[in-house]
Every structure is written in C-alpha cells, then in structure tokens.
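Just so it is clear, A, B, C and D label the chains in written order, and each chain counts residues from 1 on its own.
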Amino acid sequence: MEWLPSSSPVGMLDQPDPNYPVPEPSRLLATYRAMVVGRRFDAQATTLTKQGRLAVYPSSRGQEACQVGAALSIGAQDWLFPTYRDSVSLVTRGLDPVEVLTLLRGDWHCGYDVPSTRTAPQCTPLATQTLHAVGLAHGEARKGRDTVALALIGDGATSEGDFHEALNFAAVFKAPVVFLVQNNGYAISVPLAKQSVAPSLAHKGIGYGVRSEQVDGNDAAAVLSVLDTAVAHARSGGGPFLVEAHTYRMEAHTNADDAGRYRDAAEVEQWQQRDPIDRLERHLREGGHLDDAAVERIAAEAEEFAAQVRSRMQVEPTADPEDLFRHVYAEPTPQLQEQLAQLRAEQEAQ
Amino acid sequence: MAPTSMAQALNAALRDAIAEDDDVVVFGEDVGKLGGVFRITDGVQDAFGEDRCFDTPLAESGIVGFAVGMAMAGFRPVVEMQFDAFAFPAFEQVVSHVAKMRNRTRGAVALPIVIRVPFAGGIGGVEHHCDSSEAYYAHTPGLKVVAPATPADAYSLLREAIADPDPVVFLEPKKLYWSKEDVELPVETEPLGRAVIRRPGRDATLIAYGPGVPLAMESAEAAAEEGWDVQVVDVRSLVPFDDETVAAAVRETGRCVVVQEAQGFAGVAAEIAARVQERCFHSLAAPVLRVSGFDIPYPPPKLEHSHLPNVDRVLDALARLQWDDQPDAKWLELQEGAA
Amino acid sequence: MAPTSMAQALNAALRDAIAEDDDVVVFGEDVGKLGGVFRITDGVQDAFGEDRCFDTPLAESGIVGFAVGMAMAGFRPVVEMQFDAFAFPAFEQVVSHVAKMRNRTRGAVALPIVIRVPFAGGIGGVEHHCDSSEAYYAHTPGLKVVAPATPADAYSLLREAIADPDPVVFLEPKKLYWSKEDVELPVETEPLGRAVIRRPGRDATLIAYGPGVPLAMESAEAAAEEGWDVQVVDVRSLVPFDDETVAAAVRETGRCVVVQEAQGFAGVAAEIAARVQERCFHSLAAPVLRVSGFDIPYPPPKLEHSHLPNVDRVLDALARLQWDDQPDAKWLELQEGAA
Amino acid sequence: MEWLPSSSPVGMLDQPDPNYPVPEPSRLLATYRAMVVGRRFDAQATTLTKQGRLAVYPSSRGQEACQVGAALSIGAQDWLFPTYRDSVSLVTRGLDPVEVLTLLRGDWHCGYDVPSTRTAPQCTPLATQTLHAVGLAHGEARKGRDTVALALIGDGATSEGDFHEALNFAAVFKAPVVFLVQNNGYAISVPLAKQSVAPSLAHKGIGYGVRSEQVDGNDAAAVLSVLDTAVAHARSGGGPFLVEAHTYRMEAHTNADDAGRYRDAAEVEQWQQRDPIDRLERHLREGGHLDDAAVERIAAEAEEFAAQVRSRMQVEPTADPEDLFRHVYAEPTPQLQEQLAQLRAEQEAQ
C-alpha cells in the first residue's frame, strides 16, 4: 500500500525523515528570507486595512512555510492557482505586491498579468480553482510543455464537491498537478473536527488513486522537501500529487472577523510555539548558516519592502467607470454600448 | 418602539421560530459560535443549543441536499448561504429537488425549507460578495422568493417563510442589514405574497423590492422637488407576485418605472415590466421603463457606485416618461385606422 | 442541396472546426465511442482520435472547470452537457468563472469555451430531460447565448460560437435534432448576434427562438387562414440581442407576441416583451403578449402537450391583440389631459 | 488500519469469507425467489417498452443480487433512496410494480407513496439523492428513531461532487446511512477505467473516515452479509458505511441505448458466466435447499407476477391536465390560478 500517506505529518527540523532529503542550506536561507519578507508584507497589508486602504485582508501569518514553500517549489514556467489567502505566496513568486493587493484594495478583481506571471487570479469561490489547475495541467501536457500546476486550497474547501471532481479528473487524466492543502485548522470559525473526521486530509488521495502525503506545515524544510517530491512526481509523468500541510492561521479569518468568538487564546499561544520562521531560524543558526547580522539584514530588507508597499499604497488609484464595460466581452454587445453611452451622458452631465 | 436593525429583526425571527416550533433547525457555514458572517444567527446556538443551530462542513450543495433529507424526516430547516454567489454550488439541489419535490410526489413530500441568502451589493465587497441572484430563483417554478426591505418585514416575512409549507428563498439585502426602523417585535406585516404601497403618489409609480425600495423612496422624495408626485410599491414577494396591487397602482398613475439592482437582462424587472404593460397597456402614457444594474459582472468596490442604480438614474427614467403625453405619429395613425 | 438534419449539421460543424483548428477539443459525458446520447459527436472520436474528442468522468462542474483550465492553456474546448438539467451542477463554474474570467483579468484571459446544451422539451422525456434553462444563462453577464432553429443556423452558429473569443452557451433544441432542411454544408448564415425575419407579414410580429420558431411559423400559417398576415422573427442569439431587427419588425406591424417554451416568469420572453414595449411603445396598438410554458416544473411525458405552447395558444394571443384598436378609456383620458 | 476495505471483493458462494457469516438458508431462498421474480419483472418492463407502454426503461438484469440484497437488508421502518435503475429493488421491497413504473411510463414523476413506503422517489440527477439520505438519516436519529437510510448509487455517479459531500456530511454527523455503489462497470458508455483509477470505489470511504467494504456484487450471499454488517453498523450508532458491489449491467443503459457501440459481446459473455441467479441457485441446490420442483414453482410465481404487471399495464391511465397545477405549491399562486383558468377555458372550447 505504497499509496498510503505517512501516518503522521512528515517533519524535518525537529528530526530528519528517512524518506525525504533536507533541502540545501542555501535554499533554506532563501526560504527564510522570503518568509521574513512575507510576514512583514502580511503585517503591512493588515495595517493598510486598518487604515482603510484595503477593503479586506485575509492574513496568512503563521502559514509562511506553506506560502513560501509553495512559491519556491515551482519554477517560472509552472502555474500557480492561489486563493484569497495566498498573497504572500504570490509576493514570494515575484509578483508586484501592489498588483497582488489590487483585489483586496478593490480597484479591480485581479491586478497582475495572469498569462505572463503564470499565476491564476486569486480565487474566492472555494475549491473551484482546483479544477482549473487540472485542466491547465492537462492542457499544457497536451501542448508538449512540462509545466506543473500547483493548486492551493484550504482545509475547509476540501469539503466542496469541486475538490473531489478535481482530484478525480487529475487522476484519470494523469494530469501534472499538485494540490497543496493548507490545513490551518479553521474554515472561518469552523474547526477541522467539524469539517472532516478522516484520518487526515491527505488520506483523501487514496480514493482517487492520487499519491498523497502529509507534512508539518510549520516546518519549512519539510514543506519544501515534500513539495519537491510532489512536483517532481507530477513533472515526470507520475500524475497528480496531494499534499496536506498542517499549519495554523494565527490571525482571524480576515480583519473583519472576530476569532475570539470561536477559539481560545491558549490554542493560539500553543501554535505560537511552533512558529515556522522561528523554527527555521533556529535550524539555520544551529547549522551556522545564519547569524545576528544576517537576521538583521534580512529584517531590514523586509522593512524596506514593506515601506515600498506602504508608500505605493498611499496613492489612491483612479478608477475609470468606463472600465465597467471594457472586458465583459471581447467586443461590447450593442446592449453594453447603449449602457456605456448612458454612463457617458451621465458623466458629461456632471 | 425601539429602533431595530434588519439584522436584529432577522435574529429575533429565528429565535422566535425556534422557540415556537421544535422542528425548526438552523444550519449552514459559520452559523454556530460565530453567529454567521453577518451575525444574523448571533447567540442562537448559545440560547438553543447545538441541536437547533449548527455548523456544517463547507459545501453548499451538501447543505441544501442535507436540508432536503432533514425536511423529509419532519424538520423545517432554515439554511444560510454565506453570500449569493456561494449558493451557486447548490443550484442543482435547489432547482431539481427543493423546487420540485412536492410536484414530483403529488404533494406527499413537502419541503418547508427556507434558504436564506444575503443578497445584492452596495457594501464594497470584493468579487462574488455582491451578486444578485433573485432572477435565477424567481424563474424556477416551485420556489417562493421573498425580499424584505424593512426590519418589520424582515421579521414578519421570515416568520412566514419558516411557517410556509413550501420552500422559500429568502433574500436579505446586505446593505440593509444595519438599517433601522422603530418597531416592536414580534410584528406581523402583510402576508407573504402581498405587495405594499410604501408611498402614495398620483403621477408615476416606482416598483421595487429589497435594496431597491429605499432607493425608490429616496427618488420619490427627490422627484417631489421636481413637482412629480410619485408612488412607491414594494413588491416584497417576487413569487408569488401581487399582480393586483401592482396593476392597480400603475393604473392609477399611468406611468411606471421598475427598479432593480441586478443586471437588467432577463431580470425580475423585465418580468414586472412585461406584466405591467400586459395588464395596464391602455392606462399607460409611456412605456414601462427599467432602472437596473448594467449587464456586467458586479464590479470591484471602487466602481460599484457607477454600476448601482441611483436617484439620478431613477429621476432620469421618470423624466423620460413622456410627460407631455404626445404619443408618436404611428400610434395615432393606427388609432385612426380603427376609428 | 441534401436534406440535412440539425443533428447532422451540428456533427459536421464539430468535424469542420476540429479539422480547421488544432486547438478545438470536444469532451463531456459519452461523447467518445458512443457519440453522445443524441449522437451529435457520432464518429468524431473515430475520425480525429481520442485527443480531439474524449469522455470525461461523470461530473459537470468538473467538465466545465476543466474546460476553463484547458482554455487557459490555449485550447478551445467545446463541452457537452447531457441535458439542460444536468448542467446545473456546473452552475457555479459557469457563472463565477466562465462568465467572469475575461472581466476579472481585464481581457488577459479569454475563455473561448462553447457549452453545448441539448435544450428544452417536447420529446416525451421523463423528469429532468426537458427543462429549459436559457434564462439562467441569458441573465448572466459575460456569456453569449445562442439557440439555432434550423440545420443551416445550427451549423453556422456553432462554427461561429467555436470561433468566438467569448464563452457561448449553445442551446440545441432537442426536438429539432431530427428536423431537416435542404442545405449544402458548410454554410454561413447570419453572424452571431443577428436576428432574422423568417417570414414577412404586416399585421403582427411573432418573436421566437429555438423550438419556438417552427411553432411561430406554423402559427403564422394558421393565422393567414384567419386573415392575419403575421411576421416571424427568429432571434437566434439571445445574448447579444438584436434590438435593431426586432424593434424595426415590431414597429412595422404594431402588434407583437413573444413565444417561448420555458416557464414564463422572469424568462427571456419577459425581457423581449419589456424591451419591445420600451422601444416601440407608441407604435404598439396593443400590449406585447407572451405565449410560454406554464410556471410549473416540466411535466411528465403524458402531460407535456398540455404544457407546451401550441398553435392554438399563439392564435389566441394574436386574437387578443385588440384588432379593433380601441384603447381603454383611461388612456384616452390621459391623452386628453395632455392635449 | 482497520478502516481499509478488503483488498479484493468479499465473496461467499465460491469460497467462505472469514469476516462475514453466510446468511441463513431460508433467507437465501427468499433472496433467490425475489431475484427470479425481479428478473422476470425486469424482462417484462423491457417488453413493455418495446410495445411503447413505457417511455424508457433502464434494465438491471445481472444486478439482481444487489437489487434484491439492498431491499432485503433493511426493514420497513428504514428508508431506501433508489435511482432510475432500481425498480427491481423497489418491487422486492414490496412496492406496487405498476406504481414503480409510473415514472418510466410517463404518467407522473413518482407513482408510489413516498412517506408510507419510506422509499424516496427514484432519483435521476446523479448522486443528489445521497445527500437526501444523509439528511434523512440524521433527522430520523434526531427524532429518536433507529432508522437506517440506504442510498443506492452507480459507479459513474460517484464522480459527482454531491457524492463527496454526502460521504463527508454522513461522517461528520455520524449519520446512520449506508451507501451501496452498484459498480456495474459502465456509466452509459463510459467504462470504470475512465471514471476512476482508485484501488476500488470502496477506498473512497477512507478519505472521509467512513467505514467501507467491497463485495462481489453477483454473489447474493456476500452482498446480503456485507450489507447486514453495514446496516448493523449504522443502526448501532457506528456512523455511515460505504459498500461497493462489483457487478455488471447485462443490458444496454436503457432501451434507447446501443451498447454495441462501446463494448464487446465477449465481455458480456464473460459476465454471463457469473450470473447471480445461477450462482445462488447452484449454491442452494448444492446445500439441498432447492430442487427442480421449487425452481419451477418460483418460475411460475414470477410468470404470474409478470402477467399481472402486463395486464395492469395494458390499461392506459387517463392523464388529467389540471394535475399540472395541483402540486407546484401547497396552494396555487395567483399566477398559477390564472394559468389554470386559461387551460380550463381551452379545454372547454374543445
């Protein structure tokens, strides 16, 4: 039964795993840096929300090992299919942070160039993007490209029918797609125990013939290593791979949410102990790959990154009402032309 | 008489329904401890226990399909869809089962299910959080479709919806959740299926529902300043539709504008316009006009004000109602032909 | 000119599109070896291989979501939903993604997907096999919605739908699959978005689409015997809608009946009626009437003939178009008031 | 990993299974009788279709062990949620055969009394009924009744999102529901290999924490015994149970289908060798529980049953057009009253 995932999450920083190699120190260092920058970016976005610069922001604080691991496990030729919570992953992937925040600022639905970044729009209707990832992966393979599609999804969203259909399509078409479930313990207020009573979410792969694995999602080395295996498996024609990463959402669901209603401070505190950045930092310091100076330098870089975002976000973009009609169809229908004319007349009248 | 928000009224209606009828159960995503993302079920689980108000796994088709089974076992499920667009995964269950089970079984299996949907926009929500979906439901035979516009109606209609032997899609205008009214609960307004004249007027009739109603009221006020005495009809129930009240109102004024927030094409306002001209044609001094959202995906927050119907657009429509009463030449010709 | 059925025309259109463009792929349930339950893809897999025409697992949301991804990779997927009602599980993918992706990405990601839907009834099918779903799609901005009524149009419109840069819901009237016409393929009729006058006439205009068109034609013939010279407009494309042709036609006759098989409430005929009276009010001698299915779930085979619009119902509607041109008292009063 | 299903289908008639008891001979005899009657009924329905008396008929020939096993594994107080293919199961359950055929004759959508027969309408939208079964099972438990709901579903329909959501809801609410997948090898023309590449469909249970088992679906003794276990598990508060029965659809999908387009006669022939009635008959004869006389008597009973159906089906029911409006709502809306009045006027005019 080689298709069974490990019976407990694969870890690495606390204790090496026989089945997965530890990533190179240089790679772990880059990961550490991206996690620090990502966390700072995340905090900045939260602050911008409090200032009313963003309509809403779903923080991924505590999930940086997954966010960064996801972005660094695939190449520029690969495709990423993120959700609303994966801004840090996109920033790590190299997307312009202000473009990443466009959706949440409310200027437009997607702010970055999807085809050239090979990054799908951040998806809100839960689990729907997993099917897009499968179709894209199959399509790319059919075009003779060795693209892998990496689909991000939350624990709660695994309950949606689309996730099931995506796993099955992926398996039947042997599509080069990796599903990364960031199991952060909650779907808004609903804890995992009310979402699923399966041995693990990784075990869901079995019923489709999809290889699967579970990993300590706060262990950046393990996340990277397991994703490396998954991506290689998919790229080499092995078909889809499902990874469940056990992590924790340190903040509320979004700034608009009140997590105090449904979970204890003690639980949050416990996860604080397993902070993914602290753990990786400790590991790198212990291995002699990181010292105070480097930590400070990286912190400064993160600060600079955040400052840039902050200042660029102070400029309110001008919204053009005619954009309403620009991209509904390739060419506006006669009906939309009429409606556009009405809008123009209104604006001229003002 | 205390100022009560629509959210409070809905919460009270759920509590009172649960207290009065052991078979009423409330479930959906985050309706338990959290009280729902709009806090409509706030405190309900605390007050009545997890048996009466509980969270489900995150799957809308699952929620509605499960509700069908619960109803078959004798319950009256009241389910919450988190936002309009997130009810779409349940579309098959709603259209092929919730709407059809009574018919399929010649009345032997009724499904007294209420599907609560936070409805429409105007709250600056990002993509998928501000859609309007009433036309999809109103077009589906076997469903009743209700949209309150005031706290009193929200209470009264939700109580009626829960008591109703038929499935009801209950559309709660998001942007009115926090609108207040002085009202003593419990309150009984009109029975489900009845429209109400919110404002008398002799010159023209505005027909609206849900979030369109306050807009129509505001527009009528503004129109008064331009010298038009404008009547406002709040439809309240899209299905069944109160033809009697609506047609009588329009016949009184001879002019009519239908207001709807959703994209216009094949929306409920089209139905209302079509019905009104069918029934009131010869009372009409002008075509029935519509003011609706544009035929576009709901825009991002920064542009929603350009999309949403507003007072100016309603006034413009009113102004186009041919107040000089000059029908075009063709009409006169046709009429002469007949004389 | 060989007699060609609509099914044959559609099959030819798929073959020609696949042959001409390497990116066209056809998939869905049973479209491979079986050739689809209606045999529209008959022999396509044999002729072009499994890469170009293939079966998927049985999951409609999966099929449409997969098509979205395939389109993002550069393909032009043509997917088949087995029957109207079995497209409902895909509703979220259609409404929240297929319809919105271009808009969401400011045009960077187009989804040239065709969703073929065997459409409407009249074939004696049991439950769920005869629904009409055009209003759901027509109300959804970002989709084009097309319904051919003849083999030539079926061929031409399907080719255009596949070549179109936007997603098209392509509604194939089930009961016309076997209807024949003398036509040489390939054929090009009107471009997508254009209505066509199927029959000239001076006294009244029948507006129809898909399965309503042959009914309208038949009704016009029958009306001729009663002395009415009735024009028939085939809308062909619900979205975009050809206001120009439709309004010009109605202005010529001053009387109009819209025919639609679907249940009436908030259907596409409501939209057409609303538009026509908005645009042609003063040319109208009578209200725009509708002949549609009743507002009921599609009935079982033994009762469908009582439900479906028929010639008598169309003639009745035509007869109600106030041929004596006597507007009611109220109208005259209003008019006098203005004089 | 006691939650793993057997690695190959449980069988009994060819060789005893250590984990499941063989049902009593008297029960097997009753099962045999019901299978013979069921098959004769099925053949009768097919004939009626050829005569134009039914609009369509999906035969379950070859699946009698499942059809009958399902009906006999639950009691009258339990609920059955069948599909369009499960007419034989309903007849075995004791429903009036003519009422069962109502849907397929086209008089009405459901011809039997759902509440009193505790049998849901035969469901066409695939997999949707599985959710109803879960809701009902949970509701019944909440009402303090020890009802079990048995949901029937085909192999193809397991690909639908609703099946996933049903398994998950059932597991999370620990609902007393049994899912029986009749894997008859095809979903219309699509063979199982294009539907799923999982080790078995029973393995799907694992990803939900649902106990599961696979069984030889042409072995009536095994089907009964595994279903007994499943039903007992559900009834005793153990939660849901998923059973996959491996069987074969001997006929085309329906009379309107042409199976020659997608499968070989040789394959059908092979399954003919595993005919469930023949196998049970052999077993009963070998055990001395059945002889020629009994076989003949049962065949005559089946003939009589079919004759009754045939003669009752010769009477064309009268369809009342006003039924169109009777049960859309509890009370017709004003709109429906108007439409009814129009219909009445039309009929009076005739």
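In the analysis below, a contact is a pair of C-beta atoms (placed from the backbone, for glycine too) under 8 Å apart; a residue touches a chain by one contact, two chains touch by 3 or more.
All of these numbers come straight from a predicted model, not from anything done at the bench.
Asks: Would you mind checking which pair of chains has the most C-beta pairs in contact?
Replies: B-C
Asks: Using each chain's Cα centroid, which is most distant from the centroid of subunit B?
Replies: Most remote chain from subunit B, centroid-wise, comes out as D.
Asks: Please compute the C-alpha centroid of subunit A, do the same for subunit D, then give the distance between them in whole Å.
Replies: The separation of the two C-alpha centroids amounts to 43 Å.
Asks: Distance-wise, how many Å sit between the C-alpha centres of subunit C and subunit D, to the nearest whole number?
Replies: 37
Asks: Centroid of subunit A to centroid of subunit C, CA atoms only: how many Å?
Replies: Those two chain centres are 41 Å apart.
Asks: Whole-Å distance, subunit B centre to subunit C centre, using C-alpha means?
Replies: That gives a centre separation of 28 Å.
Asks: Do you know which subunit A residues sit against two or more other chains?
Replies: 108-109, 125, 159-162, 164-165, 168, 172, 194-196, 323, 328, 333, 335, in rising order.
Asks: What parts of subunit B, by residue number, touch at least two of the other chains?
Replies: As it turns out, subunit B has residues touching two or more other chains at 56-57, 59, 61-62, 85, 88-89, 92, 96, 100, 103-104, 127-128, 141-142, 239, 241, 265, 294-297.
Asks: Can you name the residues of subunit C that touch subunit A in the complex?
Replies: 51, 56-57, 59, 61-62, 64-75, 89, 92-93, 96-97, 100-110, 141-142, 144, 164-166, 193, 239-244
Asks: Under the stated contact criterion, what part of subunit B meets subunit C in this complex?
Replies: Touching subunit C: residues 61, 85, 88-89, 91-92, 95-96, 99-100, 103-104, 127-128, 135-136, 138-139, 141-142, 239, 241, 251, 254, 262-263, 265-271, 273-275, 277-279, 281-290, 294-297, 324-328, 330-331, 334-335, 337-339 of subunit B.
Asks: Can you tell me which positions in subunit D touch subunit B when the two form their complex?
Replies: Those residues of subunit D that touch subunit B are 108-110, 113-115, 120-121, 125, 128, 130-140, 142-143, 149, 161-162, 165-166, 168-169, 172, 323, 326-330, 333-335.
Asks: Would you tell me which residues of subunit A are touching subunit D in their complex?
Replies: Within the complex, subunit A contacts subunit D at residues 1, 3-4, 159-165, 168, 171-172, 194-199, 201, 203-209.
Asks: Please name which positions on subunit C make contact with subunit D in the complex.
Replies: That would be residues 29-30, 32-35, 37, 55-62, 85-86, 88-89, 124-129, 265, 294-297, 299-303, 306-307, 312-313, 316 of subunit C.
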